[in-house]
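What follows is a pair of complexes built around subunit A, which joins subunit B in one and subunit C in the other.
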Partner chain A sequence: MSVIEMDGLRKEFTVRVRAGRLRREKRTVTAVDGVDLRVERGEMLGYIGPNGAGKSTTLKMLTGVLMPSAGVARVCGLRPVADRTRLALRIGVVFGQRSQLWWDLPLRDSFGLLRHVYRVPAGAHAARLARCRDLLDLDGFLDTPVRQLSLGQRMRGELTAALLHGPEVLFLDEPTIGLDVVSKQAVRGFLAELGRAGDITLVLTTHDLADIERLCRRLVVIDHGRVVHDGSIAELHRRYGSRRMVVAELDAALPEPPVLPGAPVQRVEADGRRLVFALESASVAEVVAALAGVATLRDISIVEPDIEAVVARLYERKGPLLTPGV
Partner chain B sequence: MAEGGSALRAYRSLLGAQARAQASYRTSFVVDLVGNVGATVFDVVTVLVIFGVTRELGGFTLRETLVVVGLSSSGFATADLLVGNIERLPRYVRTGLFDAVLVRPLAALPQLLLMDVPLRKLSRAVFGLAVLLYALASAGIDWTPGRVALAVVVPPAAVVFFASVFVTTATVSFYWVDSGELANSVTYGGRDFTSYPITVYGGWFRALFAYGMGFAFVSYHPALALLGRADPLGLPPWVGWVSPGVALVAASVAALAWRVGIRHYRSTGS
Partner chain C sequence: MGSVTATVAPPTDAHVTPWFRTFGAIVAAGFRRHATYRQAAVAGVVTNTVFGFLRCYIFLAATGAAGTVAGYDRAQLATFVWAGQGLLAVIAIWGWTELADRIRTGEVAADLLRPVHPVTSYLAADVGRAGFAALARLVPPLVIGPFFFAVYLPRQWATVPLFVLSVLLAVVICFGCRYLVNATAYWLQDVRGPMILWTLGSGVLAGLYFPLGFLPGWLESTLRYGTPFPSILQVPLDVLVEREPMSTGLGLVGIQCGWAVLLLALCRLVQRRAERRLVVQGG
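Moving on to the complex of A and B:
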C-alpha cells in the first residue's frame, strides 16, 4: 500500500469578485484539478509549481486542514479530515510561513510541550531530540525565546518540532523560503540525511529548485491544479529538450568553430576563445577528444542543464499543451 | 480513558505554557492586570451613579440591582477570561495559527483557547466575583436550601452562557471575516443588557435580548428567585431556576455552530 494516495483529488474555492459598484459575483476557482498520485514509503517527492498552482492546497488536503471538493486522499491509510487527530500523530508538518513553536518561550519549552501534545514517551522524545540537536546544531539557541531566533534558527526548530513524535510522513511547505544560503544548506543537508535512512516519506513543496536537485529523485510539477510532470529530473530534461553543455576554453580562437558530430555549437564567446557545445548524442569524452585534435585546450567544464529554465518553459506553455502523460 | 487523561495533560501543559509566556513580560503583565479591573469597576460605578439620582431602577432597589450586576459581571468577566479571545479567530486564521492547530492531535477549539488565555483578565473575574459575593451577602436574601443551591449553580451557568455567546458569535467570522463589530454588539451588548433589571428596557429590544437570545436567564430571573420577588413582567417564579438548562442549550448551540463553522472553513480555505 502506498503511504500517500490521491485519486481525482480536487479543490474548488468560491470567491466573490466585485462586479460593478455594489454587485458581487460568485466565481469558482479550481485550485487543484483532479490529481492522481501515489507516493511510496521512503520516497522523497518534490512538489513544484508557480504561485497559485495548487501546491499548498494539496498539502492542506493531505494534512487534514482542508476538505477536498471531490476525490479521495489517503495518508497512512487514513482519511485526512475524518481521521485528523489520529493522522496528526503519524505525520509531521512544517509550513514555512507558519509556526508550530511558542513565540515567547525558549525553544526547549516548545519541544517539551509538543511531547505532551503528541503523548511521546520521555525516552523516545529524548533520543529524537538528541539526534536533531546534533544534526541541526541547536545547542546554541535552545534556551532562546523563539521570537528572538533568526529565521534560519527558527526553521531548524520547526523541523525538530515536526519530527519529535517520529512521524512516518513529513510534509514541508516551502521549508527554505527566506533562508540565507548557509541555513538553506543546513536544512537541505538535514533532510538529505533524514531521507537516506529511508524510513520516512518526505513531500516538499518549494520555489527553490536547488532543494529539489539536492533532495528529490522524483519531481511532480503542478500547474493550474494539474500534474504536468511526474518523474525524475533527468526525465524532465529529456522531455523538454534541455541538454548538458560542454564549455571549452581555448588558448587561441579558431578561425571557424569546429563541427562536431552529435554536439552542435551553441555559443561562441570571448572572441572565439570560449566555445559552448550542447551534448546531443556525443559524449563528453568524444567532444574533448575531437576538440583536442584541432585546438589547444586551456580548460573544460560541464554545465548541467538548468532546471529553472526548463520549468519556466513548462509554466509558459499553458492550456491543453500541458495535459499529463504526453 | 487513558487516552482522555493524556489529552487532559496535553491541554494543561498548553495552559501552563501560556502562563509562562505572559509572565515573561512581567511588568506589562502587572500593569495589564491592574488596568483590566477598570472596565468591570466601571460597570458597577455606573449603577452606583444611577442610584445617586434615583432610589429605584425599573422597580428594583440598589441592593437588589447589585445582585443582578454581580451575576452579570462575574459571569461575563470569567467567560471573557476563559474564551473571550476566540473573538480573535480571524487573526488566528490569518496568521496560520488555525492551520497549525489543525495538524495537531487535539481538538481545535480548546487548543486555541488555551494557547491564548488572556490571564491579565483574571483581575476582572476576581472583581466581578467579589461584587457578586458582596451583593448576595447584603441583599437580605432569605437563605433556604434551594436558594443556596441556586446561588451555587447560577454563576457557573452565567459563565457557560456568556462563553457560548462568545463562541457562537466568533464562528460568524468563518463566513464573514469582518464580523467583529456584529459579534461585539451581541457579546458586550449582552453584558450591558444583563447588568440591569430587564424591566428598564422596553418593547422588541427587550424581547429580543431577554428571550430571543436568552439573556434574561443569566442574571435577571435568577436574581428574582434569589430575592424571592415576583416578576413584574408576570413570568412564574420557577423561571429563575431554568438558567442552568438555558446555559446548556446555549452551549449546545455554540458547539454546533463551531462544528458547522469549522467544516465551512475546511471547505473554503483561508
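Moving on to the complex of A and C:
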C-alpha cells in the first residue's frame, strides 16, 4: 500500500474581487485541480511548480489542515481531515514560512513540550534529539528563545521539532526559503542523511531546484493545479530536450564539423575551434575518442543540463504563470 | 439527533494519565512563556493598583449612612475591589488576541498539526498563563489593598477553597468567551469589532465597573443565571466576601461549572465548523 494516495484531489477557493465602487464579485479559483498521485514508503518526492500552482495547498490537504473540495486523500491509510489528530502523530511538517515552535520559549523547552504533546517515551526522544543536535549542530542555541534565533537556526530547530516523534512521512514546504548557502547545505545534507535510511517518506516543495537535484529522485511538477510532469529529473530532461553537452576546444578548426554517431553537433563557435556536441546515445568517452582521432584536442568540458532552464520552459509553456488570489 | 462517535476509546487509566501529562506539560509551558515577561507584569501591577484606589474610593462613596450598599459593607467592597483588580489579569479579561492573530496570519495551521485538539491546547496554555498571573498579578493587590483600606477577610474556612475553585472556573469561562470572540476571525479575518463589543460588554456585565448588586434585583438575577459574564468576575468575588450564605455560593459555583462545560463544548463546535471552511492565509 502506498503511504500517500491522492485521487482526483481538488481544492477551490472563493475569492471576492472588487467589481465597481461597492460591488464585490465572487470568483472561484481552483488551486488544485484533480491531482492523482501515489507515493511509496521511503520515496523522496520533489513537488515543484510556479507560485500559486497549488503546491502548498496540496500539502495542507495531505496534512489535514485544509478540507479538499473534492477527491480523496489518504496518508498512512488515514483520512487527513477526519483523522487529523491521529495522523499528526505519524507525520512531521515543516512550513518554511511559518513556525511551529513556541515563540517565547527556548528551543530546549519547545522540544521538551513536544515530547509530552506527542507522548514520546523519554528514551526515544533523547536519542532522536541527540542525533539532530549532532547533525544540525543545535548546541549553540538550544537555550535561546525562538524569537531571538536567526532564520537558519530556527529552520534547524523546526526540522528537529518535526522529527522528534519519529514520523513516517515528512512534509517540507519550502524548507530552504530565505536561507543562506551554508544553511541550505546544512539542511540539504541533513535531509539526504535522513532519506538514506529509507524508512521515512519525504515530500518536499521548493523553488530552489538544487534542493530537488540533491535530494529527490522523483519529481512532480504541478502547474495551475494539475500535474504536468511525474518522473525522474533525467526523464524531465529527456522530455524537454535538454541534454548534457560536450564542449571541445580544438587547436585548429576542422574543414567541417565531424559527424559522431549519437552526438550531433549543436553549435560551432570561435571560427570552428570550439565544437559543442549534445550527448544523445553516445557517452563522453566515445565522443572524446572519436574527436581525438580526427583533431588535436586542447580542452574538453562537459556541461550538465540546467534544470532551472528546463523548468522555466515548462512553466512558460502553460500560459500565464500567476493565478490571481491563490 | 445526538450521534455518538464510536471510534473513541473509552477513557481508561491508560488513556487518561497520558492525557493529564500532556495537559500538564502545556500548562507548565504556558506558565513559563508568560513568566518571561516580567517587566510587563510589573507595569500591569502598577496600573491595577492605581485603578484599585480609584475604584475603591468611588464604590465607598456609594455606601449610605449605614455604611452598606447592595448587600456589601465597606470592608467587603474594599476586598471586592482589590481582589478584583488582581483577578482581572488572572482571567485575562482583555487583550487576548493570540488565536485571532494566528488565524489572520495563517499560523493557526501549526496548531492544527498537533495531535492535541486546539481548544484543549489553548486552554492548557491559558491555565498556565493564569497560574503565573495568580502569583505575579493577584498577590500584589491583595497585599497592597489592606495597607490603605479596612478589608474583609473570609469568616468561614470553606470560603477559601471555594474561592480557588471559583477562580479556576472563572479562568475557564473567560477563556471560552475569549476563544469564541477570537474564533470569529475564521469568518471575519479582523476581530476588532467583536473585540470592542467584548471589551465593553464584559466589563459592565461581569461586575467590574460596578458590582451587579447595584442593579435592580431582577436584572442582576437575569445576568447571573442567564449569561456567563458574572461568572468570570462577580461570582468569585462574591464568594470571597461571603456576600451570601455558603449554600448560595455553592450554587453559584455550580452554575459556573455549567457555563464552563457549555462554553468549552461551544468552542469545540465552532472550531470544527471553522476547520471545514478554513482558508490558511498567505500561501
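The criterion applied here is as follows: the second predicted complex is superposed on the first by the 286 of 326 C-alpha atoms of A that agree within 3 Å, B and C clash if a C-alpha of one lies under 4 Å from a C-alpha of the other, contacts with A are read in each partner's own complex, and residues count from 1 in each chain.
Just so it is clear, a contact is a pair of C-beta atoms (placed from the backbone, for glycine too) under 8 Å apart; a residue touches a chain by one contact, two chains touch by 3 or more.
Predicted model, so just to flag it, every value in this text is computed and none were measured.
Engineer: After the overlay on subunit A, what do you see for subunit B versus subunit C, clash or fit?
Structural biologist: Overlaying the two structures gives a clash between subunit B and subunit C.
Engineer: Does the superposition put A:Leu89 against subunit B (first), subunit C (second), both, or neither?
Structural biologist: In the superposition, A:Leu89 touches subunit B and subunit C alike.
Engineer: With the two structures laid over each other on chain A, which partner does A:Ile177 touch: subunit B (first), subunit C (second), both, or neither?
Structural biologist: neither
Engineer: Is A:Val65 touching the first partner subunit B, the second partner subunit C, both, or neither of them?
Structural biologist: Both partners, subunit B and subunit C.
Engineer: Pick one for A:Val268: touches subunit B only (first), subunit C only (second), both, or neither.
Structural biologist: Neither partner.
Engineer: Examine A:Leu105 and indicate which partner it touches, taking first as subunit B and second as subunit C; both and neither are also allowed.
Structural biologist: A:Leu105 contacts both subunit B and subunit C.
Engineer: Do subunit B and subunit C touch any of the same residues on subunit A, and if so, which?
Structural biologist: Touching subunit B in the first complex and subunit C in the second, residues 13, 60, 63-67, 81, 84-86, 88-89, 93, 95, 97-100, 102, 104-105, 109, 112-113, 116-119, 145 of subunit A appear in both lists.
Engineer: Inside the complex, what are the residues of subunit A that reach subunit B?
Structural biologist: Within the complex, subunit A touches subunit B at residues 11, 13-14, 31, 57, 60, 63-67, 69, 81, 84-86, 88-89, 91, 93, 95, 97-100, 102-105, 109, 112-113, 116-119, 145.
Engineer: Could you pull out which subunit C residues touch subunit A in their complex?
Structural biologist: Touching subunit A: residues 18, 21-22, 24-26, 29, 32-34, 36-37, 106-107, 109-110, 112-117, 121, 275-280, 282-283 of subunit C.
Engineer: Would you tell me which residues of subunit B are touching subunit A in their complex?
Structural biologist: Of all residues in subunit B, those touching subunit A are 6-7, 9-10, 13-14, 17, 20-22, 24-25, 95-97, 99-100, 102-107, 263, 266-269.
Engineer: Which part of subunit A faces subunit C closely enough to touch in the complex?
Structural biologist: For subunit A paired with subunit C, touching residues are 13, 56, 60, 63-67, 81, 84-86, 88-89, 93, 95, 97-100, 102, 104-105, 109, 112-113, 115-119, 145.
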